[in-house]
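One chain, chain A, appears in both complexes that follow, with chain B as partner in the first and chain C in the second.
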Partner chain A sequence: MAGKSGREISAVPEGGLKSKILSWEGALVLILIAVNIFGVIVSPVYNATNVLREMPKYLAEAFMVFGMGYILVLGDIDISVGSIVCLCSTVACFAGNAGAPFPVVMIACIGTGLLCGLLNGFIATRFTELPTMIITLGTQIIFRGIAEVSLGSGGSISMSDTTGLKALATKIGPFPLSFFLIIIGAVIFITILNKTTFGRKMYACGSNQTAAKYAGIEVQKMRLTAFAFMGVQAGICAIFLLSTLFGANTTTGNGFEMEVIAMCVFGGIATTGGKGNLLGGFIAAFIIFCIRIVLGQKNVNTQLVLVIIGLMLILSVVIPAISQAFKKKPKV
Partner chain B sequence: MKKKVISLVLSAVMAAGMMAGCGQAQQAAPAADAAAPAADSTEAAAPAADTGSAGGGKTIALVTKSAGNAFMELLANGVKEAVEAAGGTLIVKDPSAATADAQITEISSLISQGVDAIIVSANDENALSAVLNEAKDAGIKVLTADSDVAAADRAVFVNQADVNLIGQTLLDAAYDLAGGSGQYAILSATSQATNQNAWIDAMKAAQEADPKYAELELVEVAYGDDEPQKSTDQTQALLQNYPDLKVIVAPTTVGIAAAAKVLQDQGSSVKLTGLGLPSEMQEYMGTDDAHSCPYMYLWNMIELGNLTGSTAMALANGDITGAAGEKFTAGDLGDYEIVDVNGATQVVLGPPFQFTPENVKEWADKGM
Partner chain C sequence: MKKKSFLAKLTGSREVSLLLVLIVLLIVITILSPTFLAPANIAQIFRNNALTFVMALGMLCVMLTAGIDISITSTLAFAGMTIGLLQKYNVIHNTFLLFVIGTLIGVGCGFINGLIIAKAKVAPIICTMGFMYIWRGMAYVISNNNWASGADVAGFSDFGKDGSPGPYVILIVVYVLFFIIMKWTRFGRRIYAVGSNAEAARVSGINVDRTVISVYTIMGLLAGLAGVLSVSIYASAQPNMQYGKEMDVIAACVIGGVSMNGGRGSVTGTFLGALIIAIIAKALPLVGIDAIAQNLVKGIIILAVVILNVVTQRMMDRQNLLRREM
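The block that comes next holds the complex of A and B.
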């Protein structure tokens, strides 16, 4: 099961080039290429320079795909990540404005994320009967609440010393720094999930928690780790978001949780756990970014963009399910 | 299979959630259409974008605060009139949410398109700084209208009315409606909206400056985030928490309309004033007990749009640079001069206009 594609679109046997192309991830790569071809055709300004220039703001969100992927594979969900991003950026701004050097600001930001993640994980593992949707719904309100209270009546804070943040936003050649970090992160976290025992244990927990427990896997420890990891990723997202926003306000990170979950689900990671490949989520993130950039350049109504992404999400889940239902019919 | 069904349902719910977000904005749209029959700005702008800067005319872009905001659509119409009269084309960008974050995405896309000037009604005073400077570096003229950013980030701000004058006017209205003493509350938009905060600060400053207002007590500034539902909830909370409340001042068109409905539906004795659109407030205006709003203020949004469009065209054509003392002609509105207010350059439209039950219909019929 480990590393297996989240959705089957063909009954070819595992292994080999054909199965790779016909896997969901293969389909996603084709969609990504198609989106880019579509972009070049419809928008005269859709080129590498402009896409890479518009990309950093979106890339920050992509960091969270890894954490969310792990949590979804475990069969949990975390809808507090948007609020964690808000709280982390707020803490970072306060730390920065209090005169802390930039490395300390970064540690404060990511540390806050870690603490938030640990809190989520602690509650989730202590009270295992509670659905994580409800737990993180609660912490979502709490984290944003703390940020709102500390931001006070103005509701907005800006970083006075932006040298460190500007360094984060530097480009190596035409590529933003975060682009490389995302690629490195993707390689590391996809390998961990697909190739290591730790990863296989995660799939085992997600498929059947009870069975995993009796197989000697410390299920609760895995869950705590995943939530803490998610928190760290939210902290990293926050620091990179700050490098484009240079400040935080009460609406920072609004709706990020749904976007990140959408990327994972579109990428083939099942919300029920135990299924899906992080690589899919990673590619799906870029598909969504590219679609947004193309439609943005064509001045398509942003509400309509959301509708299009929503439709794609539904289709991505429905089409494989329908094709599978057809395939299974003769056997019944 | 069971798991598959569950995951299917979950994903469907999530997608529905994503759509619900935009459904809200679209629900608000018909109301806006009623307010301004020609409010198809977004659709009308889309084809214009196809031609880009072709044809020699300048391409101006307007980034509004959010979609489904009638106030913003009137502004957009006004800008469109002025820009097209001067031979330019206008692109209107409505961000997906009323956040600086969403505005950055739009501005970033506009830089790619290489427009000549960008007009922003800022959702946050500071957060847009980096992206606006990026636009400036790309040779795009940046100006703000309705809600400003830091002076260094833009060429000029087109101001609807002097901040202190608005603050004083609203405070006097509260003083008058409360009968000189008692509790009043403010229902604002988002807590980081630049213009809202400036007006509220001006009200507070005016109240402290004159002992005449000593008996008047500001109990709370509530934030309805410019969403009808949240504004309604906040109004109900105000009524519940402060039984002695006499007046609500809502310096936002979304807030005042929501509050007016709550007060009138509940038959409350609390009086309402603030900044509102005549077309949305028509049925709530009256001096008797059956109506909640005796009078309110606003500037002519279409004229503000006209002035903004003319300023953008003047900047794009290089007629002005945004420095204090420069003069330009804004179509039928006449001549304007850029003034320096505390180190920030701006063009001021004029004093706020008072709407009373007598004149509200006339203005509503004009499409405001």
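The block that comes next holds the complex of A and C.
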């Protein structure tokens, strides 16, 4: 079961083209195509150039899908990532304004993320009785609290020297740099999760921690790694977010944690652990970006996107449950 | 029988240890700022945190069944926005009717949550996350990015304005009611049974699905009530009201000793948990800590409380083990 998508649409034997198309990832690709066709029909300015131009605003969030996917596969959850992004951006701005060269700013930003992630992981592995939801609820408030205190009464800071950030926002051909990094990241992380021993161990931990422990897997070490990893990716997200916003305030990254979890869950990763495929989360992220761009261009109430994301999330978990209930009924 | 050690006595009951923390806290604050315990100030604390107090009760019920509801502040915004708009466009101005409508909207939202969680077996955090987006989005859509201002809700806001007994009456009624329900009624005990061991509860004849649905419906009801209260207390309705405050409610429950794995927690503990957070928020500026550091202190306290809880639990387990070996 491990490694397969968290959801089944129809029972087909594994392998072969039919199972690929009927998998949850296949359905997601179809939804992505449908959203794009819908976009082209309703909006005259919806084309590749415009989509790619608006993409960088949203792309930064996609970096965190990988880390969150790993954490969810382990059966944990991290709701502090939005605050980590806020703290990282703040630290980066302070470092930049203090005159540090851009590479140092980047290291400071990602390093802050790593520290935050390590703190989460440290508490989670030392006090295994605590649900990670509570731990990260506490650190969520703490990380944003640190950012709030350091930002002072003004509550915002902007980067004075933006040359380095602008370099990050450059485009290679029509594609923004972050787009390439996300594709490369996706290939690497999906391969690690699906094809390496490390990845398979993650599924083992998520399915049954006790069994994994007795099979000789260092469960706590894997969890610490996953949380540290998540922190690093929040740092990367922060630096790319800065390259479009050029500053930070106390509400930077507000609600990111739920959006990233929503992308993963919509992509078929179960929050109970051990199930799901990172590829699904990756495609789901792009579906949500495309819907946002279409609605933005159509000038409809932009908050309608919240209703759509919510509905997709609910439907994507309810429909498989209902179809399974129907499948089971005749047997009884 | 050996006498219980002093430490075990203190930590044995979560409510007692919370009460001790509260008393120590109050003594320290009163020494630093003697006017803190003035009746007006205390009334202010309850009024400003009435929403958290009310919703914490619903969250207690939900967490007792090992669930969680993060859609509450969106339900609050949707219900609050609806009654705000009803007044803005001069449809209804009757305070009682507005309360009924807002609460009913909450009941509806909660019922859908419960239905999906109980019948489709969706993880509570996922289901409520979906509705967190949906109701918040609906609040924006129905308001069309408009506000209901103080002038729009003029007559209605008398209920919750400074000095009016309205919010206090609601708080007292709700807490007394829930204290009785959770402690002495069949329904309350059923919630504990389902949370402790759902399978055992099912076998012993409890309709688990119905209990879960009613728990989320209660949560929705209280969230809707909080939405109406919010419009009344703050004399305005905006689609982004109380954004992100669901975590405060969960934090109040967690500090109050409600377990996330279900089956453990009490109305008294929840009340004390919410009260401790409220007092700290109010007291920080008085004891000379910048109001900006409020969140930082709150987060550290949450982590400290839960970690301390684990440590004392481990110590007690070890002592029990030693006693058994002797």
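Observations on the structure shown:
In the analysis below, the second predicted complex is superposed on the first by the 331 of 332 C-alpha atoms of A that agree within 3 Å, B and C clash if a C-alpha of one lies under 4 Å from a C-alpha of the other, contacts with A are read in each partner's own complex, and residues count from 1 in each chain.
Assume a residue touches a chain if its C-beta (ideal position, glycine included) is under 8 Å from a C-beta of that chain, and two chains touch if they have at least 3 such contacts.
The structure displayed is predicted, hence computed values, not measured ones.
Superposition of the two complexes onto chain A shows a clash between chain B and chain C. In the superposition on chain A, contact is made by A:Met258 with both chain B and chain C. Of the two partner chains, chain B is the only one that A:Asn50 touches; chain C does not reach it. Contacts of A:Pro131 after superposition on the shared chain: chain C is touched, whereas chain B is not. In the superposition on chain A, A:Gly310 makes contact with both chain B and chain C.
Once chain A of one complex is fitted onto chain A of the other, the partner contacts of A:Ser156 are limited to chain B, with no touch recorded for chain C. In the superposition on chain A, A:Ile322 makes contact with chain C only, while chain B stays out of contact range. Within the superposed three-chain model, A:Thr272 lies in touch with chain B and with chain C [touch as defined at top].
Of the two partner chains placed by the overlay, only chain C lies in contact with A:Ile141; chain B stays clear of it. With both structures placed on the common chain, the touch criterion links A:Ile123 to chain C but leaves chain B unconnected. None of the stretches 26-34, 134-142 or 188-196 of chain B clash with chain C in the superposition except 26-34. Shared interface residues of chain A (contacting chain B in one complex, chain C in the other): 148, 153, 254-255, 258, 261-262, 265, 270-272, 301, 303-307, 309-311, 313-314, 317-318, 321. Only residues 3-4, 6-8, 10-12, 14-19, 21-22, 25-26, 42, 45-46, 49, 52, 67, 91, 93-102, 104-106, 108-109, 111-114, 124-127, 129-131, 190-192, 197, 221, 223 of chain B touch chain A when the two sit together in their complex. Put simply, chain A touches chain C in their complex at residues 77, 79, 123, 127, 129-131, 133-135, 137-146, 148-149, 152-153, 254-255, 258, 261-262, 265, 270-272, 301, 303-311, 313-314, 317-318, 321-322. On the side of chain C, the complex with chain A involves touching residues 68, 70, 116, 120-123, 125-127, 129-138, 140-141, 144-145, 239, 243-244, 247, 250-251, 254, 260-261, 290, 292-300, 302-303, 306-307, 310, 313. On chain A, the positions that touch chain B within their shared complex are 44-46, 50, 53-54, 57, 148, 151, 153-156, 158, 169, 244-247, 249-252, 254-255, 258, 261-262, 265, 270-272, 292-293, 296-307, 309-311, 313-314, 317-318, 321.
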